[in-house]
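In this document, chain identifiers A, B and C correspond to the written order of the chains, with residue numbering beginning at 1 in each.
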């Protein structure tokens, strides 16, 4: 029965990873930007949610404010900085690297160096009986949110015009313009959506993983491993990779606590050797 | 003797057939021209021969050796050289450095990490000699990026020839050149040793008919005609889809 | 006088200056210059990949840190002689590079960045998590400096030791960069497909460059372990990788002098900023943004621009 618990925990963590990896993948798929600031969006989102929660006591408000604020910050970064280097990989990566450090230090300044736990909303503060164990409802809620977001993104990709372009992996802005789509706005929008998803993950993670300096780099690595395994630019890949890595990490932490990252590193290495474009990547 | 044999080669890109069962035999010393409208699959065929693209099916042999799945650099070592349709040089290196690289690729001993400058002397001399041969010696110290388009096309061919290939693939060497520059390239090709086999994509009909021993015509990924000048001129299908459009 | 002659004169002048430094500088600043030399080598090693081969690594601290930890573990845990540990550390760094290179070289561009970043973080997590071996966050103290019959404990003698090693390594790098191999790396940076068509096994060159870069980073890491007499997980952390990367880009990628100058500047700035606030990481981030926006080709690039502007009236 313990392994069911581990798998459920893994899926719950995997859903958080999916929220991160989906944004990373979406942004890369459309703009070919490897966004290292994604880790900051997660952590800063979590911290903002925490502050709102402390002030107002409302989890929903915490979610909304954090996602909106971080999406706005993301839009600004895209608009005023990344835009200047369209399709120029290295300077874009360097900019997002710079912002990663700027946000890391600013949030250390504002929220301090100790791990902070977001209070869990009351309705989730109980557990569901499961055989001899009791399983926390909050983690089931995480899984549900992940599924809803995955479904929403899937619908967006399959049934909207913007989605069609995303699927085609638009790197030809001319075609997009011919389709009557405001590319400039689309880029900003998608970047904001990706940032918002990362912030959502940050707030949702707050009550279970806690927030601390360095978490930004940690989740960024996990998100990288997920997209390397799943394939950069693919939504399906992000979901499959996130679940796989989430579950592996949970087992790894349980059985080899000293080599936590190692258990996700091994599958990454294996995938790189046998299928360098990832499970669902195309190139 | 057959220099290059392409047997039933096909290539699909995500369901779209770019090459359909192409078979082509080029004998040693032959100058073969590939004709065909844009999108006919000529460059894709070049890519499968040079190794930039792996064919979905079929077999390619170079002087009797199966090269279908060899890496591009291995093919180059077997005596295959190519130019690129879109100029593919070393923009921030000098012309001389580019030529030295071309010579080094052929000799294969440039994995040596540290060498004595005197050991390089002979390579320098050879590079200068080749640049002189192709009228590029005046540009030796210039950065490739600063060359004129015509000079860049010339360098493109000169680099491919540095290793004294047995089979040379020329992908539209005269595209975008002025009439004078085109004449220069044509005489360059004329001056090449007769035992060098040449497969060349060309759009300029005059150039094609002047240089070709035989001509092959591609259309929509298929080979639709093959023969000497007269046969091609007489071919109804070719005149319809290609010459007719001229 | 030719440019070449000026370069040689310049090199001798700098060398003479470096030799005289212990006479004029206070120990604190001499130690700072020692650190600059170590990081100059670290930055140059990264530039072999980034500037010469065209492969941007976000995880170069891995090799730096592996060498440092090898030194510390051998000396402190295994009681190996400090001088003997040095070559072993170098081999360990090169071996790590040899192991990681095939994974990173499966891909280009963004994938290469992600993989090098992830691999370095994995190494960091091991150093951080394996407390029984590495003391985790607390690090390993008491890393003694080598003793070749004369002690390296004084700031001055250690400075000369570092100057000698970094000098030798730099000479080696200059030779590599100027060799046919170095030219081939630049060719690969400019056009992989053209190099392949010319008969170069591109992968093999990139692999060798990767391992060499790791080995030279290892020398720097080993020296830094001696310098601090201490090794901790921050040697392997992403901030360390980021510092090396910005040193290269700030100075000017694709040259050896650029990264060396960049290293001097960043080390100086870090020291200066850290003496006033605890927010060096914030400043580092801002430097990243400013350099990318205003000096994408580094200081060397700015100098070139100025020179060209002067030539063109």
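Just so we're on the same page, a residue touches a chain if its C-beta (ideal position, glycine included) is under 8 Å from a C-beta of that chain, and two chains touch if they have at least 3 such contacts.
Keep in mind that what you see is a predicted model, and the values were worked out from it rather than measured.
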{"item": "Touching both subunit A and subunit B (chains)", "value": "C"}
{"item": "Most widely separated chain from subunit C, with each centre as the mean of CA atoms", "value": "B"}
{"item": "Most centrally placed chain - per-chain CA mean versus overall CA mean", "value": "C"}
{"item": "CA centroid of subunit A to CA centroid of subunit B, Å", "value": "47"}
{"item": "Distance between the centres, which are taken as Cα means, of subunit C and subunit A, whole angstrom", "value": "32"}
{"item": "Averaged-CA centre spacing for the pair subunit C and subunit B, given as whole angstrom", "value": "42"}
{"item": "For subunit A, residues that touch 2 or more chains besides their own", "value": "none"}
{"item": "Subunit C, residues touching no fewer than two other chains", "value": "none"}
{"item": "Subunit C contact footprint on subunit B (complex, rising order)", "value": "50-52, 71-73, 76-77, 81-82, 84, 88-93, 97-98, 100-102, 104-106, 108-115, 120, 123, 159-160, 162-163"}
{"item": "Contact footprint of subunit A on subunit C as seen in their complex", "value": "56, 58, 102-103, 106-107, 109-111, 113-115, 117-119, 121-122, 125-126, 129-132, 238-239, 242, 245, 249, 279, 281-282, 284-289, 291-293, 296"}
{"item": "Sites on subunit C touched by subunit B in the complex", "value": "172, 175-176, 179-181, 183-184, 186-187, 190-191, 193-202, 204-205, 208, 212"}
{"item": "Residue ranges of subunit A touching subunit C (in the complex, touch as defined)", "value": "28, 32, 34, 36, 81, 84-85, 89-91, 93-95, 97-106, 108-109, 217, 221, 224-225, 227-228, 232, 257-262, 265, 268-269, 272-273, 276"}
